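What follows is chain A paired twice: with chain B in the first complex and chain C in the second.
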Partner chain A sequence: MGIAKIKKFSLAQFKDYLENYLFILPAVAIFSVFYIYPFYDIFRLSLHDWNGITPFREFVGLANFQEIMRDQNWWGSLWHAGYITLIALTFQNALAFALALACDRDIRMKKFYRVVFYLPPVLSEVVVGLIWQWILQAGTQNGQQIGLLNYFLNFIGLPHLVNDWLSDPKTALTCIAVVHSWKGFGWGFIILLAGLQTIDRQLYEAAKVDGAGSLSVFKNITLPLMIPVIFVVVILTILGSMQVFVLILSMVGQGLVYHTEVPVTRILASMTGTNRFGYACAQGVIFGFILVLVSFSLNKISNKLKQA
Partner chain B sequence: MKINRYILASRLKSIVIHTFLILVSLTCLFPLFWMLRSSLMTNATIFVDKSLIPHEFNIHNYYLAWTEGNFAVYCLNSLIYTVSVVFGIVVVSSLAAYAFSRLKFPGKNIFFNMFLAAMMIPLPGSFVPLYVLMNKLGLVNTRIGYILCMINVGLSLSIFLLKTFFDKMPSDLEDAARIDGCSKLGIWRHVALPLARPAIAVIVIFNSLNVWNEYILATLLLNDKSLMPLQRGLMVFQGVHSVDYPLLMAGLTIAATPIILVYLSMQKHIIKGLSSGAVVG
Partner chain C sequence: MGKRFLLVGGVFSFCLLALVCTRCGKKAEKPANAIMVWHWMTDRNDAFVKLAEKYEKETGVKVNFELYAPSDAYSQKIIAAAQAKVLPDIYGILDKKEIIASFIQSGFVADLTEEFKANNSAWEKSLFPKALSVNKFETDNIYHVKPGIYGVPIDVTNIQMLYNRKLLKKAGIDQPPVNFKEFLTAVQALKAQGITGLVSGWGELWMADCFASNYAFNIMGESRVMATFKGDVPYTDPDWIKVLSIFKDLQNKGALAEGIVTKANKFAEQDFALERAAFAFNGSWCVNVYHDMNPDLEYGAMLPPPINGALPMKIWGGAGSSFVVNNLSAQKALAINFLKWLTAKEQQAFLSTETRNLPANQEALTQIPEILSQFASSMNNTTHPTIWPYNEDALVIEAFDKGIQSIIIGEKTPEQVAQDVQTVKDRQMAKKRSKNKS
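This part shows the complex of A and B:
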């Protein structure tokens, strides 16, 4: 009798579990097919030489990875992404932080600023890239500059600064980085402002009573309390900026312009340009590994700082 | 005297701060204004007339973009993709998040951590094997293929956000429904989902923006003009009309306007979701 009862109970529980699994089944199924399998496949393909079309693929071991080590264009593209990231980290985040500090008080039009600053981040990279490409456009028509920036430079009497901004290897990457920062600072602003607003106002009051100057308040109260939020912004900025590429495609086109190549455009070029799917996958693996390493070590540092 | 100086200093500070904020605001708005302005000009006037407000408005570009530029089709496609992907994400992720938060089954943590890990691990270039897979499955150049891929893109984060919401939500009402003999699926549908409306709103908004603005998968998976969404269509359009700036700017305005309108009407939710998301993540 007792045994039968246990058996019946466990059967009911089994059915219960089965029913519960049905809830996660659609998610797990989609995730397995469209995430886990490609995740596995990128590693498998990275060990092959394959043009993506023929059923035959040759196993080449680590040859793709060895080739990447010698691939000047690849490491150049990584440096370009690093440059864009550096500008985003400094210029974009400093601007975001300054704006957040400016809005972290009772000022008029605060809501307006918040709405406006987050407008560029909601636009697509294609739209942003094409608008700025039009503004930065070089060339003249009927003796007049086509692009607004060059026209403006002429207008204010600085014609020697007129430039082919997006074709000149010296300026193209910086232009892309600045437009990327233009699109991104509003996002950092919202998150940093949310962080600032969690700081207890009484701390500021107490510091004021004690006669602390605003610089000292910033250094001793605001900054230490903001470190976790700052780290979130830093990590997400790095991951986002290193992988930027749609903006580049829309600003300088899809041609092979080496001075504006970034890792993802290299991967795309290997895949759709030269039909080397195995090589593209190996590049993806290396790049993913670098990104994981960077975000992992930053997380480590952030945790250490939190404990201290 | 001293007080006066204090007031003067704070006035000055406030003026400096507002000037700074207004300048940055103008930098945000001006390119959009310039897009709109350029879209209202003609090929004859755009290179000559640099005034801020064009002397005459030319709406013909919008007509051309909408009809010959194929934007009517692109817009409809973007709408179809956005609605079906977001609907799919809400159903699939809320089912899973509900199970992860409320139901018991072996391996629960493993499955949940799997989704969590996918959120943490960046996988650039994953579009290569994804394209290979879609090719194998015969889903290249199909609506359903693109929709399924995009559901997967938004799945992990949505599950995570909804699970955190369910975890904080009291389960009294669900318990009451269970005692009344409501099935698990019934509780999910009639009790949990309506209560999770704020979290679902966040998921709907962010995934809508994401799908509407998506470019790379649309480029790799959809070659047929009749299937392309707006972002992909824009790049095709730009390739054809690269020197016809008024027409291109009209196309851009068509692509940007819906997202700007949605943003302006939902900005409270968007900023709230973003702020709370940052604290959680």
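This part shows the complex of A and C:
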């Protein structure tokens, strides 16, 4: 009797399992074909010396990884991506948060502002890069500056600030970082605004009744309740900024010496510039590993903060 | 009922996925009387389409031209297609000779030697030898490719200096400079008038590399340049320092357009066409570009002004664009016939007129604009990395080109750059030696 019951249960359970697995099968298959297999193949290629065309691939073990450890241009590119990310985390997100706070209030033309602020992210990176390249370009014609920014600086009586913005190692990367932030703040704005709108208005009203000032309300209500949303924005900003490259290609072409190189442009240079596919794959593996590590760390910090 | 529905749904979605996956790997079937051409030439696409229509009318063979631009993206597409073995019947390889050799050795390119040599080499003789040479692999080539002709040039190009007649006149210069010293003097005169000297798309590193290569040939001669590539002459040699010092001189004299190190060639072309600079360093394709941007531009072409009068000034040139035939294509014969037709006098004259490019067919050289004649007159001075017996390592080229940028922005001296490049060269040579040993 007991055995029969167990058998019946097991069969039902087996059917249940089968059914569940059957449903996740398409997703698992897609994930395996388009994510796991490419990652496996990239890792396999990273252990080879290969020019990307010939069927012959020479196995070199960890030699590509060892070379990356000594490649100063690669580590420099990571530093540059970190700098762009830092500007995005501070300037871009502060701007996004400030504008989201402004649009969360009852102000006139609120919807218009939302649309305007969301415009830069939907523009193509190539278009944005070319437009800003035109704005920042240096050079004169008939004594007039041809770049919009330099023209403006001249116009307002600050000719000493006129600069060759994208060809000066002191300013090129910062210009790229600022343009990247300008293009990206709309994402943060929308997410932060959505987060702000989930905060119960009664909390603000109660604080007002208790005589709390704007700063106190922001510090004690808005900020603590926005922490999970801010973390989402931070993670998205880091992942997006570390992988920036289209903007760089359209603003400074193949780069200003190595001053504007980021990991993706180095990977591209290894792949198409010097035809070292194996080395490029090894760079991709290391870069991917760094990004995964950063995401996990941030996730952990976020969970701890939530618990606190 | 619900469970059954879910079960059927699950099985259905799995089957659908399996079907999609299996279809992904299948090539689209193509009619037997059609050939596919992949190219990157945005300015020539309309002319190609017109020629394809004409060819279909004449022969019944449909030719599909598919455009993939820009050229960088096209190059990547070709490599990806080669890896997946889905190359079209006709395509072009926009890469180093080493990569072209890899395509041939992997069996992706048909050997066209027999076709060129047929009928007493009629096809070969109709084309400019310089244009054909970039598609040739000579006996005992360093890439170990079977000697032969593997590509068909469809036009001819070379890269020279352009000068704006009006701006030179404004600065009181009647004739374009004939040597580097005169060039620097001319630049000073232009500067006094508030006119920028030289503009070029050196944000595309190969263009700066090409400029340096021209002067390397002029200063030290071909044999010593090749000896450097072989590893027998170091980059710290005084001649190479002299080559690198040209960029320092140009920058110190204020000859270079602002932002030249990050300027894409499209923007450099715009600067010259809109008369923002008196000189440009650009290829013969610019004739079409300048005409579109400013049809009234008055300009001429000249060789880069030499430094050393004892050695010739060599410029990069030869085949502008070449097509190869896919050796794995089932339509190989049709593809070859089409390329023969495309490079015949009539079609070449049409392409030349429509796109303002130099034709690859010698007989089609009649009735070309004067500026193109000026470019054509320097064809004897052309050379190209694809015809050199030795090529430099790609990492060394990168270090050299980035070094040029460093000199222009005043970050490094020519001596420092030479040392940096030599360090990379030594490392690559050591790597090659240890590879050969193993």
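Assume the second predicted complex is superposed on the first by the 269 of 308 C-alpha atoms of A that agree within 3 Å, B and C clash if a C-alpha of one lies under 4 Å from a C-alpha of the other, contacts with A are read in each partner's own complex, and residues count from 1 in each chain.
Note that a contact is a pair of C-beta atoms (placed from the backbone, for glycine too) under 8 Å apart; a residue touches a chain by one contact, two chains touch by 3 or more.
Bear in mind that the values here come from a model prediction, so they are computed numbers and not experimental data.
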> Looking at the overlay, does A:Ala212 come into contact with chain B only (first), chain C only (second), both, or neither?
Replying inline: neither
> Which holds for A:Ile227: it touches chain B only (first), chain C only (second), both, or neither?
Replying inline: neither
> Between chain B (first) and chain C (second), which does A:Glu19 come into contact with in this model arrangement: first, second, both, or neither?
Replying inline: both
> Which partner does A:Asn275 contact after superposing on A: first (chain B), second (chain C), both, neither?
Replying inline: second
>> Once chain A of both complexes is superposed, is A:Ile30 in touch with chain B (first), chain C (second), both, or neither?
In response: both
> Where does A:Leu239 make contact in the superposed view: on chain B (first), on chain C (second), on both, or on neither?
Replying inline: first
>> By the touch definition at the top of the document, which applies to A:Asp164: first (chain B), second (chain C), both, or neither?
In response: second
> Which partner does A:Leu153 reach: the first (chain B), the second (chain C), both, or neither?
Replying inline: neither
> Of chain B and chain C, which one touches more of chain A's residues?
Replying inline: B
> What is the contact status of A:Thr54 with respect to chain B (first) and chain C (second): first, second, both, or neither?
Replying inline: second
> So which bits of chain A does chain B touch that chain C touches too?
Replying inline: 19, 23, 26, 30, 33, 52, 141-142, 146, 272
> For chain C, which residues are in contact with chain A within the complex?
Replying inline: 3, 6-7, 10-11, 13-14, 16-17, 21, 72, 75-76, 79, 82-83, 95-96, 98-99, 102-103, 105-106, 108, 194, 196, 201, 203-205, 257-264, 267, 271, 274-276, 394-395, 398, 402, 405-406, 409, 411
> Across the complex, what residues on chain A touch chain C?
Replying inline: 19, 22-23, 25-26, 29-30, 33, 51-55, 133, 137-143, 146, 164, 166-169, 172, 251-258, 269, 272-276
>> Quick check on the complex: what are the chain B residues that touch chain A?
In response: 14, 17-18, 20-21, 24-25, 27-29, 31-32, 34-35, 38, 47-48, 50, 91-93, 95-96, 98-100, 103-106, 111, 114-115, 118, 120-126, 128-133, 148-149, 151-152, 155-156, 159, 184, 188, 209, 212-213, 215-216, 220, 231, 234-235, 238, 245, 248-249, 252, 255-256, 259-260, 263-264, 267, 270-271, 274-276, 278-279, 281
> What residues on chain A touch chain B, complex-wise?
Replying inline: 16-17, 19-21, 23-24, 26-28, 30-31, 33-39, 41-42, 45, 52, 95, 98-99, 102-103, 107-109, 112-120, 122-128, 130-132, 134-135, 141-142, 144, 146, 148, 151, 182, 186-187, 190-191, 193-195, 198, 229, 232, 239, 243, 245-246, 249-250, 263-264, 267, 271-272, 277, 280-281, 283-285, 287-288, 291-292, 295
